[in-house]
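The same chain A turns up in both complexes below, where it pairs with chain B and then with chain C.
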Partner chain A sequence: MVAKLWWMIHKDLVSEWRARRAWPSMLLFGTVVALTFGAQIEPLSQWKAQISGSLLWLAIFFAGMLAIDRSFAAEREEGSMDGLSLYPISSEAVFLAKLAVNAIALGALQAVLIPLFIVFCDAPLAAHPWAMLLVAMLGNLGIASVGTLLSALTSGTRHSGSMLALLALPLAIPVLLAASKATQCLGGAQIDADCWRWMQLLGAFAVVFSIAGMLLFDFARED
Partner chain B sequence: MDDRTIAIEARGLCRSFGGRIVLRPIDLAIPAGQTVALTGANGAGKTTLLRILSGLNRPTAGKVFWFGQPAATNSPACRELGVVMHESQIYPHLTVHENLLFSARMHGVSEPRRQIHRWLESVGLERQRDCLAAKLSRGMRQRLALARALLHDPRVLLWDEPFSGLDRENAIWLRELLGKLRDAGKTVCFSTHDADFARNCADRALHLHGGRLQEHEMAMAEPIIASVGSSRARAA
Partner chain C sequence: MESKRKIPVTGIGMLNVLAAVSMPAAIAAIFFLAPREETMGEVQRIFYVHVAVAWCGLMSLIVSALAGASYLFRRDLAWDHWSLAAAELGWLGCGLALITGSLWARAAWSVWWTWDPRLTTTFILWLIYSGYFLVRGGLEDGHRRARVGAVMTILGMLDLPLLFMATRWFRGIHPVPQGMEPSMRTALIASLASFSALFLLLLILRKVQLKQAQILLTCESAAEMNADDSPGW
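Moving on to the complex of A and B:
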């Protein structure tokens, strides 16, 4: 099971590396957003800590959707989704593999965006690096699980990209809110109880959405 | 006849899209080792029936069984099935070898590299081993799709329109391959709109018309309407 999961992830990463269809546009969009915010944020410097967290997570969400949209669209192009359905592997494993690939894509995006926000927006994201890493991972998992499930649902439709963002945004609001608040709290001198509560809430959303994704995946991919 | 010797069975299969009925109640039994051609005009529902038989689509009503077990995607029973649909189901940005290796790993094929080498030779793609699948011609893609479907040595092959878009050379090769599969005792069900191919390549022909299946007498040009369900008894 673990080996098959790995081979599915490996196949998607190799395909993306060679085709370069989703990641470049995702990284470019994220970088443009960070640089634009960086240029505009100076007059608002007194609210920098408050707004940079929200801006960061909105940038991660919208740029990330560009990559997540491709996760099932690529499978449908040559009918290979049918092929995946006919392997003796559980549908949960297929979902988990896609989730992992999307989480890796979002991780790469965060690895570019967070330093850009620190440098260009002077965002206080490096005050508690380990806690920030935890928030980034939990937010990543929450967005990736919502996006993966809905990508399976919308990949067979026309204008799947805009459909995905439209459907995913309302569902991802709890994740975005908790991630933004937790990121905002981490800008302070120390991590207070309020901050931990947001992180716990973020963790709970990430776990709930991942489990819901696994359970609902079979229905979402049905033609 | 024991249920195990019926490779594919459909009971009361119906399928409609919105208000349009594509398949009316269909009872079908394909004994193991038989080569069956599914004929019919464009839009008759051949692909729909094959997709339902392969478990890829759910019927509106009725059930499908593979060797007596309920058909289900992503189940261990999928090992018994090789499916080639109109779309090649291959990954264009993986090489020919990588495509087959991925499939072998998903099916848990033992000695995957040896099996891949054997199938690359069989379908004549040894020289394209390291080519990206995206660069292959339509005929080569079809050969790769076939190798992918047969790599795990399934007992049943479901094949949608194997002869469509193939040149004469590829069509001859395909006909020979169907003969080899029959000799190897595989159960094959393929769709075609060409009655001549059906007559030349299959043990039995089924004609889809108006959502109903009619049994073709192989020697005759016109279909003889019969209850297809009764073919099970005949096969026994």
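Moving on to the complex of A and C:
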């Protein structure tokens, strides 16, 4: 099961690497957003630490939507959607694999955006690297779980990209609130109880929506 | 046929009468039975309407998600009609709760808006269901629309507790009524009952309407297919 899952993930990563369908536009858009935000908050120097956490997560969300929107694009355009359902693995595993690929995409995006935010916005993101990594991973899973399911739901409809962002943003607000609050308090000298509470919320969201995604995925993608 | 149709019609008729009678009674109770609140004054009376529409809106959204789940299991468009009708009413209820709450907040807190958890949650729910109508509107096929709608309503309800927790930890100042005067309670219950009757009536009427629209659509497409087939061949 784990091996099959890994092959699914591997297949998507290799095809993304060869065709470069979504990641370059996601990374470039994220960079542009980081630059724009950095320039905007420059005059507000005393609030930088508070604002940069929220801006970071907004940038991650919107740039990430570019990649998540393409989750099923390859299958749909090349007509291998049926192939996907004929794989000798359960549809839950297909969902988990797609979820993992999207979370990895968001991770790549963060690997670019977090340093950029440190450089452009002077954001205190490296104060607690391990805790920041945990927040980043939990936030990724939350955004990716909602995004992957909604991407299956909207792929193939007209204006799927704008539809995805429109549907995912209000649903992902708990993730964005919790992740930006957690990021904000990680800028402080020590990690307090508040911080952990936000991380728990992030974890709860990721678990609830991953399970919901696995259960609803079959309904979302059939045509 | 005639006898079959009579039962739902009288059911709706009774509900009609109930809503028509209870609504003025509730309004009378709000204005004449309930006492003037000490600190907030007359403006507090909007509370009876506010709680009732917020309650009906939330109940409608829960009904919508349950009906959506039923659709996914049964694949009967009737469930989708229930789900859509309830989602529309939930959207309406959330919108009215926001407006009445905002009016009250302006008088009581002298701001139109605060980032209170219930306010924020209601507004985000309203946005989620606005997106739901948009995405439904972009789809042609009835079953596909129903499927997408059902998944969305379920996701909306799963999001609700997390959304509420997230916004509550942000900061909360929403008043929770403590120790109500008996006559105030009567007014609140009257208002809740009359709005519930009204929402139930609207739900059933809308469901019937959606059903008729679907029948019309099937007749039309059948007629089109006949028109296409007959002359040339």
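Definition applied: the second predicted complex is superposed on the first by the 223 of 223 C-alpha atoms of A that agree within 3 Å, B and C clash if a C-alpha of one lies under 4 Å from a C-alpha of the other, contacts with A are read in each partner's own complex, and residues count from 1 in each chain.
The criterion applied here is as follows: a residue touches a chain if its C-beta (ideal position, glycine included) is under 8 Å from a C-beta of that chain, and two chains touch if they have at least 3 such contacts.
Since the structure is predicted, the reported quantities are computational estimates derived from the model, not experimental observations.
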Chain B versus chain C as contact partner of A:Lys11, first or second or both or neither: first
Partner chain in contact with A:Phe72 - chain B first, chain C second, else both or neither: neither
Touching partner for A:Phe61 - first (chain B), second (chain C), both, neither: neither
Which of chain B and chain C A:Ala212 touches, first, second, both or neither: second
Between chain B and chain C, more extensive residue contact with chain A: C
Shared chain A surface residues [contacts with chain B and with chain C]: 222-223
Chain A-facing residues of chain C, complex: 72, 124, 127-128, 131-132, 134-135, 138-139, 144, 147-148, 150-152, 154-156, 158-159, 162-163, 165-167, 169-170
Complex contact set, residues of chain B against chain A: 54-58, 73-79, 81, 83, 85-94, 98, 102-103, 105-108, 132, 148
Chain A - residues contacting chain C, complex: 146, 149-150, 153-154, 157-159, 163, 166-167, 170-171, 173-174, 177-178, 181, 194, 197-198, 201, 204-205, 208-209, 212, 216, 219-220, 222-223
Footprint of chain B on chain A - complex, ascending: 3-4, 7-8, 11, 14-15, 18-19, 77-80, 82-83, 85-91, 94, 222-223
